[in-house]
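Mind having a look at this structure? Questions to follow.
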Amino acid sequence: MTKELLKIEGLNAWYGESHILHGVDLTVNEGEVVCLLGRNGAGRTTTMRAIVGLTGARKGSIRIDGQEAIKLPPHKVARLGVGYCPEERGIFASLSAEENLMLPPVIAPGGMSVGEIYEMFPNLKERAGSPGTRLSGGEQQMLAVARILRTGARLLLLDEISEGLAPVIVQKLAEMIRTLKAKGYTVVLVEQNFRFAAPLADRFYVMEHGRIVKQFEQRELADNMAMLQEFLGV
Amino acid sequence: MEIFGIPLQAFLGQLVLGLVNGAFYAMLSLGLAVIFGLLDIVNFAHGALYMVGAFAAWIMLDKFGINFWFALVLAPLLVGVLGVVIERTFLKRLYGLDPLYGLLLTFGLSLILEGIFRDQYGVSGQSYPVPELLEGATNLGFMILPNYRAFVVLASLVVCLGTWFLIERTRLGAYLRAGTENAKLVQAFGVNVPLMVMLTYGAGAALAAMAGVLAAPIIQVTPLMGSNLIIVVFAVVVIGGMGSILGSVVTGLVLGLIEGMTRVFYPEASSVVVFVVMVIVLIIRPAGLFGKEA
Amino acid sequence: MSTNHTKLIRATYIGILVLALVAPLIGLYPVFVMKLLCFALFACAFNLLLGFTGLLSFGHAAFFGFAAYVTGYFIKSQGWSPEIAILAGTLVAAFIGLVFGLIAIRRQGIYFAMITLALAQMVYFICLQAPFTGGEDGLQGVPRGKLLGLLDLSSDTTMYYVILAIFVACFLGIARIVTSPFGQVLKMIRENEPRAVSLGYEVDRYKLVAFVLSAALAGLAGSLKTLVMGFATLTDVHWSMSGEVILMSLLGGVGTFFGPVFGAGIVIALQDLLADKVGAWVTVIIGAIFVVCVLAFRKGVVGEVHAWLERRRARA
Amino acid sequence: MAAEIILETKGLTKEFKGFVAVNSVDLKVRRGHIHALIGPNGAGKTTFFNLLTKFLTPTRGSITFNGADITKEKPAQTARRGIVRSFQISAVFPHMTVLENVRAALQRGQGTSFHFWKPEASLFHLHQRADELLHAVDLQDFRDEMTVNLPYGRKRALELATTMALEPELMLLDEPTQGMGHEDVHRVTELIKKVSAGRTILMVEHNMKVVSSIADRITVLQRGAIIADGPYAEVSANPLVIEAYMGTTDAALQGAH
Amino acid sequence: QTNSGPVKIGMITDMASLYADIDGPAGAEMVKWAVQDFGGKVLGRPVEVLSADHQNKADVASSKAREWMDKDNLAMLIGGTSSGTNLAMAKVAQEKKRPFISIGAGSARLTNEDCTPYTVHYAYDTVALAKVAGNALIKAGNKSWYFLTADYAFGQSLEADATTVIKANGGTVAGSVKHPLNASDFSSFLLQAQGSKAQILAMANAGGDFTNAMKAAKEFGITKTMKVAGLLVFINDVHSLGLSNTEGLQLADSWYWNQDDASRKFAKRFFDKYKRMPSSLQAADYSATMNYLKAVQTAGTTDGDKVMATLKSMKFDDFYSKGTIRADGRMIHDMYLFQVKGQKESTTPWDYYKLVAKVPGDQAFTTPAESKCSLIKK
């Protein structure tokens, strides 16, 4: 029986006075990898932020593991088992790389150990003592992803994680996501890098102007290439 | 033996007194640094909270007969709660805005607090006696040091070290430091940031109040005692490097000493010396002695 | 639509100017209006820095107050004519501004505010102790003299029009500075400083020039104040004066042209009114205004009106 | 031949508290080339750019630009010499219009930037050139828009236009296509090609498709040092590069994108 | 000036800040009491009292004064505390030709280089304080002095004036240390004073500086080895410090509530309302108003010049003092040196002082020979 880990209905979100999301509906089943596609500014990041509670006002319904989260403050949403890796990385300058890694509190058992993380990202081990923002752009990106793997969150929201990474690392990330999926994690990916996301995702949503305009499954990918071409220029 | 024409004894005596003042600077600038570091707010109300702390101790003694030792715990608690209220009602609305607004708001608050106490208690101030246990003085050989002043130095060092440890060496401290940079994100990781920020401001206020209680037996408790001191403490914080906990403590103590020395050699300059030091430090190290280079 | 808006603003300005021109005739108290104009100029000078360069100085009293002393000293003790003494005050203020600027300009935001505050504190102590300032008694009984040897300023009405003329000139001057090529660079710095650097602008120099200009204008305001009131005292250099000028700008609207003038008007009028009414509660009221401003209308009165007009226009 | 080489570094090194981020790099950039700098994350590419633009001071080594030693110059000086960089994160003036953003760059050449007595109108003659530049990056329709309101990709385009306004001899582009959708990547790649006419470009880019399609020459950094240098075909076949950067061989020619 | 409508008297003082306790709202109330006690009317016209807070800002004081004189046709102005504001008001009064009675200001400049025909300096000045303390203490055998001086004009002139008196009477000044305004910590200055081994530690400072210095002097045991003289101390300062901190302190003042029956009567009335005893300034506020009204009565007009002439020809005699006003505007009256009682000697609330010496007015104030005022014919 598949369980709906995340179910969003009629989500509206605002930044100050600007209305960004106009009724997003989206469902993610447990153990799935779902990818949000769309042009720049389509509202994918906003969707992610709205789930966690980082936008201004929001309306509609967000159910995480059956529990309504639309009114919850971010820290309570996180405690429902959500791990968020933001687009702008959010590495803390006043903390060392290792402190950055250790920062998010463990919210559930079953997260990765520090040893496993360093094995996956050897750069981080090497730079563990440096202040977080002194890491190179790519290192910061790795750190941002690594950070939430420790917490035991079961639903991972990953925003543009392959951005600015060398091809070798991107390949590693792809492997990582496969591993996570195998371990039963649920992942929502926002990606520009279609080649990276395409083979990983079970299902795809396409966004445009703050709305979901299309959804399809992995096996329908080939049928939809023409549409994607039109929407994303892939 | 003499140093620059000053007898060694007098010189040492002055050093010790400088240290006592330094202890106050350290405690006050510590609170400022904590609040600035974590909330990005230059707490202009710090001097007023210090004053309220001293008044709280005096009122406790005068009206309720609560002695110094209880006041030393109760007054900071009370002012801490006041701090929490201030954070909840006012500062909360300013997060994410230019830090200058925090400065202006707390400036306004300090005027209000000062005005209220002025209206209630006048300006000539109240006298708070030295606690019995610490009455008298110890002969250090080179000077007679009132026991109470020795206690102040000790108490302040303990408080400062404790705070430093808490912030730089514990997990809570890491949340606090990260929270200053991007509170939203830390919250999105599952940390109850609003609570943390509220308590931090409360703690900063409590630190100021504790300094106030400690000062009460030494100086006259007046509504203006805070505003006289606060500007100097600001300078201390800038010299130490804003937001640097260790910096503010060390600088506080050292500036106390420097000021003490100036009082011996060129007393007229003793209130400007802190600012002169500040200018020199800033020319050499724009981020302050312990500040991180931007 | 947009021209309507500009027309409205222009009409308002003209209206205010006309009002200012006839003020002494319709029984407005000239000394009060002159004092107001001096503080309005001070606030405008301050706003040039905060509103249009993005630097909060907590030490502007130093320029205002020290220039006030310098002008007073030269008129009273050296017998200089008012225009030369005012010029001297302005130049000295500009010079102090240069010194402050060289030290403070490398830091931003809060740091800048704290550093200027501390530097101003030094100036305060100098004024307290220097022999020519008269210590806490102040420099008293400065005669107004004759402007350019011709115009007798002891008449309040003459003095008033002189002050008004200088004020209007400075006000237009500030408007010009803000829109000038130089002002454009200031705007860039305010918006994104590293970007301005990468475009090849040596931002510290621009900030310094802005700082000196602002200091000079603040000094001019102080000098004029001495001439109007006939004295300079420690109040003028005290840090609470720096606080007051911030309040004026904030209340009226930081970054608007007319806001500081309006804010100065309110603060000065309030001080005048409060003087006989509320006694001990003056500071409480001033403090409360600060708090309310910061919480409820950060844009200031004029700023909020602008925003309201904008919104209405957007809807239309 | 000296004139052929616009930029040269000799033994350029940057250490951070004992960590060597850039290690004795000798690099020559030919005039008129699009020169790509690639390498794994943390190889020192951004640091190298920071050294060139003087945001960091080198620990050792020298930088020569057009035959002049610029090792000791200040950032703004370097910018005026004609070395201009665009940032890894987008850098614009958010509350100025798109046109004003470009004008901001054009204005510097006027020499009137300290003239606080001149009216704004004295800058209006720059609008024509600004419009041309906006046209070049396809932003003419957004001319009077506030920059904050632009989508990300457009901001990058604007930044490029601003950079071009400075008439740089040498443009340093740090990951110009980062964060862009495919459409934009394509547009920006074309744009870079277009603006490279008559100037030299040194760029950092992880998108191998972009690199392979426009770079004349490629230098690969690893752990702060150069491990390969040459035309794309040669470098991409280098086993060292494949191992350190590209990953599995079949991805090599494609790029990960 | 019109001779009909109410006679308006204005009082501008510090109502809420540093000096509000020694004068302030209670001081303004004293003016009103005097008007009431006079009958509320003079020359058949009702008397009105205006009051304002100058917030220690000279410009506020001066604008207010000017406004009242222009708009309200103010007949007489009383200046409260702070010299800067009083000097500014004196200039306005001179320009508008209205009597100005300065009460709370200490600066001797008011009747010296900055004297005007319209200024009356009523209660005290720094010269008098220095002379009184200096004279009386030296006569009691305290020859060597050490000064703790506030480092600005007021402190310096106190020290200089006292030094002149000390030297003239054969005393010596062992040294002095200058402290900045609002120095909260005095311990190091006092340590230096202690090293001097002088007999008298003279505090040439006021308000908060004085109280903090006094407290530290007690803490460091200096009060045991030296006699402390406060050159400008009001009873409110002694009260707030408490007798335990001030016992033995010597101080100069123009009036003490417990000095005679008339004073006690006045004080009791004050105490009933304010739950504290009046300061010498508050007594002077009452006395000055009363005497002004008498002068108006005598002169038969409120005209500034005529009233001033009458004032300068009158002999004052009330609970506050007996005295006359000299040509320079200086009110000449007796001054006193008091010593603060010990806790055991003090029997009733606010029973703080015992009289040490009374100094006649002609010895207490600047002599005509010393004066730099152009109004004094030499």
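Things to note:
Letters A, B, C, D and E name the chains as they come in the text, with residue numbers starting at 1 for each one.
Rule of thumb we're sticking to: a residue touches a chain if its C-beta (ideal position, glycine included) is under 8 Å from a C-beta of that chain, and two chains touch if they have at least 3 such contacts.
These numbers were taken from a predicted model, which means no experiment stands behind them.
Between chain A and chain D, the least number of touching-chain steps is 1.
Contact with both chain D and chain E is made by C. Two chain pairs, A-B and C-D, are weighed by contacting C-beta pairs, with C-D ahead. When chain centres are set by their Cα atoms, the one at the greatest distance from chain B is D. Put simply, the C-alpha centre of chain B and that of chain D have 48 angstrom between them. Chain C and chain D have Cα centroids lying 44 Å from one another.
Between chain C and chain E the centroid-to-centroid distance comes to 37 Å (mean Cα coordinates, whole Å). Among all residues of chain C, those that touch two or more other chains are 125, 129, 280-283. Across the assembly, chain B contributes 115, 118-119, 268, 271-272 as residues in contact with two or more other chains.
For chain E, the set of residues touching two or more other chains reads 16, 20, 151, 180-181.
Pairs of chains that satisfy the touch definition comprise A-B, A-D, B-C, B-E, C-D, C-E.
Every residue of chain C that touches chain D in the complex is listed here, in rising order: 176-177, 179-185, 187-188, 191-192, 194-202, 205-206, 209, 213.
For chain D in complex with chain A, the residues that touch the partner chain are 16, 19, 38-47, 88, 151-153, 175, 178-184, 186, 206, 208, 244-248, 251, 255-257.
Contacts from chain A toward chain B in the complex involve residues 52-54, 73-75, 77-79, 84, 86, 90, 92-95, 99-100, 102-105, 107, 148, 151.
On chain E, the positions that touch chain B within their shared complex are 16-22, 151, 177-185, 187-189, 191-192, 195, 207-208, 211-212, 215-216, 219-221, 236-237, 239-242, 244-245.
Residue ranges on chain B touching chain E, taken from their complex, read 7, 10, 13-14, 17-18, 20-21, 115, 118-119, 122-127, 129-130, 137, 143-144, 146, 148-149, 215, 218-220, 222, 224-225, 228-229, 260, 263-264, 267-268, 270-272.
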